[in-house]
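There are structures below to look over.
Consider the two complexes below, in which chain A is the common component and chain B and chain C are the respective partners.
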Partner chain A sequence: MTAKNHLDGLKFKAQFDLWGGSLPRSELAWVNMLRQEAMAKFLQFGLPGPKMEAWKYTNLGQLNSGNFDLLTSSDRAGNETAPFESLDGSKIVFTDGFYNKATSTIESQKGVKFLSLNDYMKDYPEAAQKLFNKKDDGSSLQNLNTAIMTGGYVLFVDENTKLAGPIQIIHNTTTSSENKSITTKCFIDLQDNSFAQMVETFIGSDEHNYWRHHVTEAIVGKNAVLEIYQIQQESKKAIHTADTHVDVDQRANFKHYSLNLGGKISRTEIKPTLTGLQSNVDLRGAFLGRNGNSHDVFTHMKHMFPEGTSDQIYRGVLDKGGKSSFQGKVYVAKDAQLTNADQSNKNLILDRNAEANSKPELLIYADDVKCSHGATVGELDAEALYYLKSRGLDQNAAKALLVEAFVAEVFEDIKLEPVRLKYLELALNWLSEETKE
Partner chain B sequence: MLEIKNLHVEVGGQKILKGLNLTINDGEVHAIMGPNGAGKSTLSYAICGKPGYEITDGSVTFKGKNFLELEASERAGEGVFLGFQYPVEIPGVSNINFLRAAINSVRKYRNEGEMAAGDFLKLIRSKAAELEMDPEMLKRAVNVGFSGGEKKRNEMVQMSMLDPILAVLDETDSGLDIDALRIVADGINRMRCPEKSILVITHYQRLLDYVVPDFVHVLANGKIVKSGDKTLAIRLEKEGYAGLGIEENAA
Partner chain C sequence: MVSTLETRQAVEEISGEYKYGFVTDIETVKAPKGLSEEVIRFISAKKDEPAWLLDWRLKSYKKWLKMEEPDWAMLDYEKPNFQDIYYYAAPKSADDRPKSLDEVDPELLKTYEKLGISLQEQEVLSGVAVDIVFDSVSVATTFRKALKEKGVIFCSISEAARDYPALMKKYLGSVVPAADNFYATLNSAVFTDGTFVYIPKGVRCPMELSTYFRINEANTGQFERTLIIADDNSYVSYLEGCTAPMRDENQLHAAVVEIVVLDEAEVKYSTVQNWYPGDKNGVGGIYNFVTKRAACRGLNSKVSWTQVETGSAITWKYPSCILQGDGSVGEFYSVAITNNYQQADTGTKMIHIGKNTSSTIISKGISAGKAQNIYRGLVKVMPNAENTRNFTQCDSLLIGDECGAHTVPYIEAKNPTSQIEHEATTSKISDEQLFYCLQRGLDVEESVSLIVNGFCKEVMQQLPMEFAVEAQKLLGISLEGSVG
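Right, the complex of A and B next:
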């Protein structure tokens, strides 16, 4: 049944047949049905394969060759990471993909509904079903995610409501995650004129081998603002796939920042659709790879209405044994006149044995638009390096300063200072690991 | 302080310096003039260890040490400063962070502790004020979007912060209007003292009206062909290189 250029997903079916009924909320008939249907849809296609253009740089064949069994519960012990001591407010923790109530802090706010997805499915079954009835983007992984998800959250923000502070989402792991699939899903719905900031960290201990697949489905209402800040520090053995789908309405603003430093394989997919006049999307990210890391960022920006703006800035730093790819697809519909879409991907190669791929793809059907794209792959600027050395910085210090600056530029407009500083700190740590070698 | 003997330098296989000799003693200001392509910038890079400038013969000794064995950063640590003809733009690195890194690197090389943040800020503010640099520029990325004059002024701020023993200034006067030239010259003159030396490389005599040299040398075709006192610069300005029997573009 596997579709062309896909890999079969029979392994997941076998696991699902064994454990699907024991997954959270499978006791509810509608959830059980939802899972079954999603699994059937997934199997029609199978896993995306490396012969597919969009998956050219990330081979999920490893999901079939390794063990990624389903996990029906987690003892949730240990590894309680709090990446942002300086951020107050709500924090939701998923340990091995399960909502960890003990370490989560959910503060209530008028006009804001924020709770675990499993609780929402139990307490608001009708509304929850509607969430899942939304459009299917045809990606088999989304269906697999629905079939085997174990946790997640929902966030609803009423009109004219501003979240009291950023919400932290922490995805951590314990020894239970070894050789497991960790699957989470969340829904964000911001009504008109509302405002939310989410700071999401994926973290795992380096010994553990697991596949984490996280899906975010978001809607940003008219004039609303949604900012998502992701930090990916998965185990060095892990496969990490995170997908964000977002509809951005009239004059709304969606910002997505990401820093990828962990994992053996990481794939960050962001698919914003500009669904109203003058909506605006900013995507920013950096990926740092070495020693067998492979980072893949795939964006698909869909301009459906006039006068929308989108801006994408991605930077990669690849050292010995690191590999990356950036694929940025921009679609401008016939009616989306006066669209302004920019895209830039710069990569810095620190070693001959490193690889960076960059592939812009522009599909423009409107005739009065401004679209730009630029991609570079290069080494550190020898003139700048010498300039710094002539002022007393040794080779390593000069190199670190230049790489830090290269990465910092992506994050410089972040107003949430603790997050900006965290990004810089993590990038610096990564660099110092490198210079120690 | 600095002793250069029979220096031969090649860049990309091309012979640029062909047996240059120069001795600079403590407290002296030397000016090197010469036509385009004579090897003036090559001399400054060879002294300061730029990669790609291959020393094929001769020696450079600084304070008794074989300078050619040292990395560029170590030469800075020893107290040599190079003022660039074309200061490099470094996006994303603020002037202030750059200077802090530079000062602390040099201190580390000399086995001194890091400078306290408060002392550093005090020092940099006073140096910027001396050189009439807008303190806002300290927060901006190194040389990015700076005018030619601002870049040169920034070089002088860096120099006065690093407080070198020997300053090698490569065409520091180019691109400066008369007011900026005066400020930069004041900066150079402030450094003059019996323990410190300056090597000014220039195309024009103009800067030497403000920074009066003890010695003037003419560099042509990879060698110093004439040396004298400050009057040599004035003669050059009046009569040109040809008047002294030196071919332009000899290299």
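Right, the complex of A and C next:
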């Protein structure tokens, strides 16, 4: 039975009944069981519907009515361009949601275990079983993800170990992705005092219609640092949903950067829980939308322990036919005294046919805290524009410069230089497309 | 040392007992318990209403039967049993209305005196016309004459239905439609009385209009309906204040306020709400589920909501502005204080439809004891609303570590020329502030009251004089026992 305000999701059940047994590692009894149970849990709720508060601005109705069949294998060669030629180190590629061994390069390092999830499930079944269902937040999408996942990776970093370099994760698609669900899941576990950087790119092939659902579950140990950089350049027709769940322990540091450019519907969910004293979380992101892009960023920051700090900065630029929503929730538990939580979301609307929604939310149960949020929606500052024009820039150049500065603010504190430059380059390309029109 | 009677009384007063918790015993005429078509027909007949209004009620009732009680608010309460409520209770004299104050039931007058609003006194001294709703029927209306000279209509809504059917038919339900939401629809079906105000073209209402509400009979839902129409170039300031006797059972209050503002007109609506909030353990108290909405239909029309919410166990209230006319202005100033087990989910909606419309939202939430205080607000800009401006500021103050303060703002913009700003902060009274006050010789409660009053200053300044004094005292009283 479908829960209130949910969509039934029965097409996924039909697909699962047909193909569930052929999905990777379903031949292992425990994986098969895991998938069955997750599917049953998913069906109790169904897909989130547009009447649900958290899905107010993003309608997944298409997932329910359209056909997003399961892929049981993909043997086509992927789009092999690596987005960061300048980045050294390991690179893992998922083509249509399947681990693409041929194009991946995994460098071994002492104290680091980094491998495909499917291999991990086969080689370390007992440990692998323990990874699942730890973070059941009641979200039906997450259960669906477990039921139909086809690939992913696991990363374990031992105590006092620093990754030699950033790890690149590339999600690409081929023509087989047309009308398919592409489902990946990964796990990151950083032990105390360790350090890891992940650079994750989602690229869509041509104009294919697919649904990509990617889930990351991470644990950041004491004093450890995890940085995740995401770039979303899906196909113009794609539905993209990426969820990141992370536990941030005492004095640990979690940073998440995202740039959303593509997709018809994109939803980035980030749910950090501060599970130790003095932990710190920084979330930064920009979403640039036009021509039918609908970007939705949903954050849920949970301060459970005292003296934690969190900071969120999100910038949206919406041009003709673009739509965005930012829903940022900060929760401060009763015991999380001396929390310092900031949140800022600014949106620029460049065209009459564009829409920006913002819902910054504070839920505070502790009294000795400093929490603030700010949100604005508006056009470019007329005075700034005038100033630049008085210096000899034409309207378009002046506008582009201001928009660039507006977006660049989000990425300015990135220390990983190639990534920062990539972000800026992509944002600039997007902006120059706009001025050409 | 032996305490004198005076100090004992002072202590009793400070201990935060609800001062207005007395019950007046007057025989009342009640409709049978529960809700059915018969009860609605009974109410309508009692009111001597025209047929069209009865039809309207019955239609609303049918719609209501199909609706579900909303549960999206962050409120935790036992849902009312709608069949266990009296929907009509009028003082016995209702069939035979008093012609002057002398004819008013002396018990009633005494009640008002205890509340400090002796009618005679008000008539003579304050210049405020008072339309008192005692339970459900207006029992006395003053200053009718002075207003009539200006052409201002200020009467109960049942009278308006009889005497001004054209205005009523045109505007009733035009801002809050009969099937707007669960509680507004319930109100549309069973509203028992309320106030009707019409300010004609070009008239500046000579006095501030005021209604004191009082819930009296046990188990009586109070369903007022207020309709204010400000015609072109007119102005009115309307005050609403409430106190209710102490009861153990929760009492439901689901009012609807509709305001229509036409060209260049302005309406200022101020509320001080200090209904019974329940006792220290969260027993009893009023359920306050109110729908208030103003439509700025004309050019440059303006509406300003100011509210000081200190009472009620549960508050669910979002006074809203539909800024339809070009250049119209909406304002919302709010102080919401919750103490003990009170819960308030309150805020506003600003819907920008017309060009050059602007809105301001200033909300101050103070949470103490085990209370939950939520600001929930929407600022929406439609695609054709050029050059709209909005400024929103929501500040929350937490007193004690068992309460909660939450902010849930929604911003929805579809126009590139709009400027929307939202700011929110949450903090507590700093030790430095407290220390400074203590060091100047104030005690802790006085200090907190002073700091809280400072925190709320921007809103309190918006209140008319008559309310400002009462409201400031209320802030202090509401927070008694929350510190130390």
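Keep this in mind: the second predicted complex is superposed on the first by the 433 of 437 C-alpha atoms of A that agree within 3 Å, B and C clash if a C-alpha of one lies under 4 Å from a C-alpha of the other, contacts with A are read in each partner's own complex, and residues count from 1 in each chain.
The rule is simple: contacts are C-beta pairs under 8 Å (C-beta built on N, C-alpha and C of every residue); 3 or more make two chains touch, one makes a residue touch a chain.
These figures come from a predicted structure and were not determined experimentally.
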{"item": "First (chain B), second (chain C), both or neither touched by A:393", "value": "first"}
{"item": "First, second, both or neither for A:3, with chain B first and chain C second", "value": "neither"}
{"item": "Residue contacts with chain A in the superposition, chain B compared against chain C", "value": "C"}
{"item": "Touched partner set for A:428, first chain B, second chain C, both or neither", "value": "neither"}
{"item": "Touched partner set for A:416, first chain B, second chain C, both or neither", "value": "neither"}
{"item": "Which superposed partner A:131 touches (first chain B, second chain C, both, neither)", "value": "neither"}
{"item": "Touched partner set for A:203, first chain B, second chain C, both or neither", "value": "neither"}
{"item": "Partner chain in contact with A:382 - chain B first, chain C second, else both or neither", "value": "first"}
{"item": "In the complex with chain B, residue positions of chain A that touch it", "value": "381-384, 386-395, 397-398, 401-402, 404-406, 408-409, 412"}
{"item": "In the complex, chain B residues that touch chain A", "value": "48-51, 71-73, 75-77, 81-82, 84, 87-93, 97-98, 101-103, 105-106, 109, 141, 158, 162"}
{"item": "Residue ranges of chain C touching chain A (in the complex, touch as defined)", "value": "72, 381, 383, 396, 398-428"}
{"item": "Touching residues (chain side chain A, partner chain C) in the complex", "value": "53, 334, 337, 347, 349-379"}
